[in-house]
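What follows is a set of structures to go through.
Paired with chain B in one complex and with chain C in the other, chain A is shared by the two complexes that follow.
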Partner chain A sequence: MVKRAGAIGGPIVSGAVFALILAALVAVMSKANWPISFGVSDWAVVRFTIWQAILSASLSVVFAIPVARALARRQFQGRSALVTLLGAPFILPVIVAVLGILTVFGRTGWSSQLLGIFGLPPLSIYGLQGVVLAHVFFNMPLATRLILQGWQSIPTEQFRLVGQLGLPPYEVFKTLEWPLLKQVLPGALALIFVICLTSFAVALTLGGGPKSTTIELAIYQAFRFDFDLGRAAILSILQLVLAGTSAMLALWILPPIVLQSGFDRPLVRWDARGNFPRILDAIYIGVATIFLILPLSAVVVYGLIGLVKVPSTVWFAAWTSTWLAVISTGLLIIMALPVSAWLGGSKKGGAETLTLLGLAASPLMVGTGWFIIIYPLADPQYFALLVTALVNAIMALPFAVRVLVPGMRQSLVDYGRLNISLGLHGFLVWRIVLLPRIRTRLGFAAGLAAAMSVGDLGVITLFANPEWATLPLQMYRLMGSYQTTAASGAALILLVLALGLFWICDYWGRYAES
Partner chain B sequence: MLKVERLVVQQNDFSLRADFIIESECHIAVLGPSGAGKSTLLGAIGGYVPLKQGSVFVNGRNVSNTQPDQRGISMLFQDGNLFPHLTLTQNVGLGLRPTLRMTDAEKEQVHQALMCVGLAGFESRKPGDVSGGQQSRAALARMLVQAKPLMLLDEPFSALGPALRNEMLELTLEVAREASATIMIITHDPKDAERALDQILFVNAGQAYSPMPTADIMADPPVALSAYLGL
Partner chain C sequence: MKYLMTTTAAVLCSSAAWAEMPVLKVYTYDSFVSDWGPGPAVEAAFEETCNCDLQFIGAGDGAALLARIKLEGQRSEADVILGLDTNLVAAAKETGLFTTHSVAAEYSLPISWEDDVFVPFDWGYFAFVHNVDMQAPTNFRALAESDLKIVIQDPRSSTPGLGLLMWVKAAYGDEAPLIWTDLADNILTVTKGWSESYGLFLDGEADMVLSYTTSPAYHLIAEEDTSKAAASFDEGHYMQIELAGKLANSKEPELADQFIAFMVSDGFQSIIPTTNWMYPAVTPTAGLPDGFDTLFLPQKSLLMSPEESAAVRDEALDEWLSALVQ
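Coming up: the complex of A and B.
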């Protein structure tokens, strides 16, 4: 039989990713002091990491349920804009959001000033509460979209039936909504838990201190401040075991990632009439919107003010970040296409596990490992951009693959026989069939990758050097040296870059349809 | 000429047996209850279903281990015969040049084929912008430019209304005559066979019987066939 698309490239790329991560792990382990011993402080770090992830996941989901329910059963002006906005935190650079959150909830922020008017003490945001707040900011919208998507999968006819029978709200919840939540919630919880488990930039900016350090942050500190490779190694192994196990467990309940569009099916609800539920829904939607909009508008407003104060290093860093994102996105596409064609052509499950390594393996561990490998051979800083671009691409791979695989699978199912009958194989299948068929999905995946890469504050911190930096790193430095105005300007530039890169890729994908 | 020699296909607990010869330029109706193995038979001849035993010869050449596109066979499926993102010209052009890099002469040939099936002026439309009947016409135009000696049709017109289906059957026969091709077409309507096709190949419960002239078999149908036809 003819080789399927991706049948060779898929395993090669997956193997290469696996080898890259494994090499880093081996390099890190070689520096560890055997036998490995975990100190009291290591356990404290592990406890904090798990605890904040549990809190972040459950709070995100708990807040998301009423918002999703309200969005599912209400029609109003701007509803679809709001649903689109819920997708924004996914491509929003972490450091930008953190600055926005600080402006609103920080010690000298808007909320604290408001509290001051009533003679109350200002909010304290650093530590567990700040980390969880930022995680909820990022993941509550994600959870809302996942739950909303599930809610809208309940056929309209069932709600019509419920309305006809005149069931009270509690019965509606029990018969229609609870079974659905039971299906959707574990996946949403697991996904957010895994995402928060490997969180670095949030912990770096809002956590810190011995009491609120995630494993990822501890790796950075061991490496950067103490150059204690042994400790970095121990922490990396801990991280791999912890995130790896969770990712494996989560794999079986992970929800699929859906394209930006959709969710607009009008739904007439007969069970939610009356003023009280209507007011309650309005409150849920209003609070969620304000929670999302306030930090973002803070970034825009202060960004415009700060734009004039931005030093030239920021513009230079913006340029560096842009082509870093371009390289990273290119690498991602090269990896994601064969892997997703391969997975799309094979039976479900199984092989998909491979891509989750990207989620499980900590970027800092991979970065540290490659630093150790390169160190004796050359100055690692020469390779900083390449390693960063590659690690960013690997981190985006699981998301890209989850976006692409359904499209690949569909194309192969619908047109597999036609391809064979016309003698289309090898690169011809890609050019004539697969690429045009998955173009929309590819644009979306590339947009995600570009935005994630341009906003990433992770591996680059390991290789940081005073002479050059990426934009998120430069912004972090400005924040660290209390140049808040310049940092705000940089944040706006970064925001525009991330959204712009996403928009360009996504637009390219959709352009074919018209 | 198509020769199917002691062919056995095994799919889980279903097996299909066939052993027959079809003369060149014959027009064959493949008839039989659903689940009898009609699609499997065409799939096995076309190279989409692996053979357990036996051989398939097209014009005397053993093609049992040949790739589907190298067998001298063109095939239309129930659905998914056109790529929705390509124009009708490109879809037809794939039958000549899988790379779609066509010479002027080839472009002209595609144009002629589209004209022949009544699609002049629709060259740059996409399948989504034309009717179901026009999609079938485009698929037939591709068979015309492919000009293979054997054409297999697995109920490609089943989604069309009765009048349109007749029209497509006529057009298919025209295309087959134009290309001097043998055709085998799966149908559910014995009237199709009586009206337009030379022979009937009856498939029942995993056994394909040798084709017989339509008039003969209809005059004295075997028991299984009359049961299927409800006679």
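Coming up: the complex of A and C.
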């Protein structure tokens, strides 16, 4: 009886999401000019998309390993704050981070000025290096958290044992750490690879022209530069095949997403007590912290200066974006609850299939498809907010489901029999049993969705007309028209909105706990 | 309460008056509507006489404007598109969305202009702008051999970007792909529009930026800054003639005509040189502002006819893309 929580809603919602994406795909296919022909520059786009994703994933993971290791075995003041900070890029609007990264690593940025003092040439951020740098900024913390989580799964006793045996560091690494890394790394690599494969906003702002165009960006260009729906369609299909295949490969090895609590117990490491490892760890942690903090501080500092220069259009856009996030989060909750209850009640890993779909369907593909569907019937601009909110919710759904399912499963296992004996079913099960127990997770998932939606610069670029915009789009326009000060102000507002919305939702979830 | 009622009444009345006023929507490129662009001054000048509400709407750079109109199609609320150029005329006419005009003027263009759909409002020569403390190259080959970093615009979204494509094609013909291959490592980045490029250049991100021979006049006149110059290239400079056209679906066709007629009059043309930093299509009675005489005039000017440029556009774009992705 109780297992039926979400037994009807779950399949309906999943089916609807699937149908929405499928409809987009069919629409896109119908517009594509068959047979598909590919030029030199199209292959270059595919090559670049894959290459930057490989580089971004590898570098993120390579840098994450020593940082995670250092975090796992050191106890210091501010450690838990740092672990929390590692979660920040996940909810940080891409365009805000890009502005911060430009301020720090641009050709006239802080680091170039520093290099100039030593007579070194300035950094060049546009092109592959900029795209990869931004991706590492976003994904190195994610990788660190994933690896840290694995590291902390090694029982302290084992480290005590190797300490007693007096094994040299290399042996410790070989016997304890390497087997663990072998388990965790493929999943982290795969996840980051797939995330970077569908990157749009980073390539839009930091790409250096045709040489560094991702497929997602090429879809946008076909759409906005040439209004060539046929080409946009072909690129969309390409994106689906590429991202779909990689997501399928990534699927088996995908690590679970865990709530941020529970990382606060460092291991006591008898094998790393010397001064040298201690200093090395301090350097790793220090460099990672500076790498994360500097761009964020740049956003805050210049944002405060720019706040007075912010035109009214920005405040209006902020209002639009807030609404968009609220609608999108509402849609997400409506979708995620029945789906996760359904999946939590069933034994098979349906959550994985859904994740696959969410990762493989690119926002711009879905957006293009729905534009094609709406276009002959009505003015797509009127549907801009609805489509954007829906696409944002669908993109957040896999994350939300991964967060919710374990909680659902636990509650259904713990209270299933009790519910039956009490005769609870339907709405009452939700209200009395499930919701209070998954509230923390729901708050976190909603927070993620709200922050992702408010900061999203994707589908909206296809639908928006010149007269209104969401905040990320308005900020991008300000950056483009050389109103850097106003853009900095807008960035701060967007940052506050994203973190604020996340905090409100997350706080609502946690509030129940205490 | 009384206060509330009068306020409400006032708001209602004013919005009623506002609603009666016809609205003319002009889609244009972003830099035209910016605070320092011609938009605000033109709007004020036209609204003095038209008893209407003139709205400039920035819709990206010039070439993206055309995509925007294609996208909106018959549903577009735009009455006039301002900011296409000769290289886009053929593609724009092909959409069937534009209609004919009946404006005649004494143009001061270097070529004779006769077109029943598009009306020129200003013109200029493309050029690379740089800081005077630098030894600028004198042609594309020298630029390609140098280590200089340039920012250019995407020919698919921007009229200067497309102009550069035509410039290299007009100057080098079949050798154009080679020039692009050699130039590829000089290109710091390709931006969507002119504003982004110029912003990057002013920020010091690049040594040179694709702009106009008239751009230094902005720094000279508006900022009393003599540090910027345009590089003179010996293969000649490609010319840009910026155009406006009226949409067949305009809900205010008379007003649109009135605007286009105003566009070639003194009221509009006298604003252009010191806001859009281009040569006016019809020299205003007061002549060109001081400072424009300091600008160099190319020894050789290049321009393809709309038909020619439409014919080579796809090929040139492919060559450009292929060279830049290597």
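Keep this in mind: the second predicted complex is superposed on the first by the 506 of 514 C-alpha atoms of A that agree within 3 Å, B and C clash if a C-alpha of one lies under 4 Å from a C-alpha of the other, contacts with A are read in each partner's own complex, and residues count from 1 in each chain.
One rule holds for everything that comes next: contacts are C-beta pairs under 8 Å (C-beta built on N, C-alpha and C of every residue); 3 or more make two chains touch, one makes a residue touch a chain.
What you see is a predicted model; the values in this text were computed from it and never measured.
Student: Could you look at A:Y482 and tell me whether it touches chain B, chain C, both or neither (first, second, both, neither)?
Tutor: So A:Y482 only meets chain C here.
Student: So which one touches more of the residues on chain A, chain B or chain C?
Tutor: Here the partner covering more residues of chain A is C.
Student: Applying the touch criterion given at the start, work out whether A:I54 contacts chain B, chain C, both or neither, answering first, second, both or neither.
Tutor: neither
Student: Thinking of the overlay built on chain A, is A:F225 touched by chain B (first), by chain C (second), by both, or by neither?
Tutor: A:F225: touches chain C, not chain B.
Student: In the superposed arrangement, does A:L428 touch chain B (first), chain C (second), both or neither?
Tutor: first
Student: Between chain B (first) and chain C (second), which does A:P436 come into contact with in this model arrangement: first, second, both, or neither?
Tutor: Only chain B is touched by A:P436; chain C is not.
Student: Would you sort A:L161 into first (chain B), second (chain C), both or neither based on which partner it touches?
Tutor: A:L161 sits against neither chain B nor chain C.
Student: Common interface residues of chain A with chain B and chain C?
Tutor: Looking at chain A, the two contact sets are disjoint.
Student: Can you tell me which positions in chain A touch chain C when the two form their complex?
Tutor: Going through chain A, the ones touching chain C are 39-41, 44-45, 48, 106-108, 124, 126-127, 207-211, 221, 223-227, 379, 465-467, 477, 479-482, 484.
Student: Within the complex, which stretch of chain A touches chain B?
Tutor: So the residues of chain A in touch with chain B come to 2, 414-415, 417-418, 420-424, 428, 432-433, 436-437, 512.
Student: What residues on chain C touch chain A, complex-wise?
Tutor: Contacts found on chain C: 27, 30-31, 34, 57-60, 63-64, 67-68, 70-72, 75, 149, 154, 156-157, 184, 187-193, 195-196, 198-199, 202-206, 318, 320-322, 324-326.
Student: Quick one: which bits of chain B touch chain A in the complex? Just the residue numbers, please.
Tutor: 46-48, 67-70, 74-75, 77, 80-81, 83, 85-86, 94-95, 98-100
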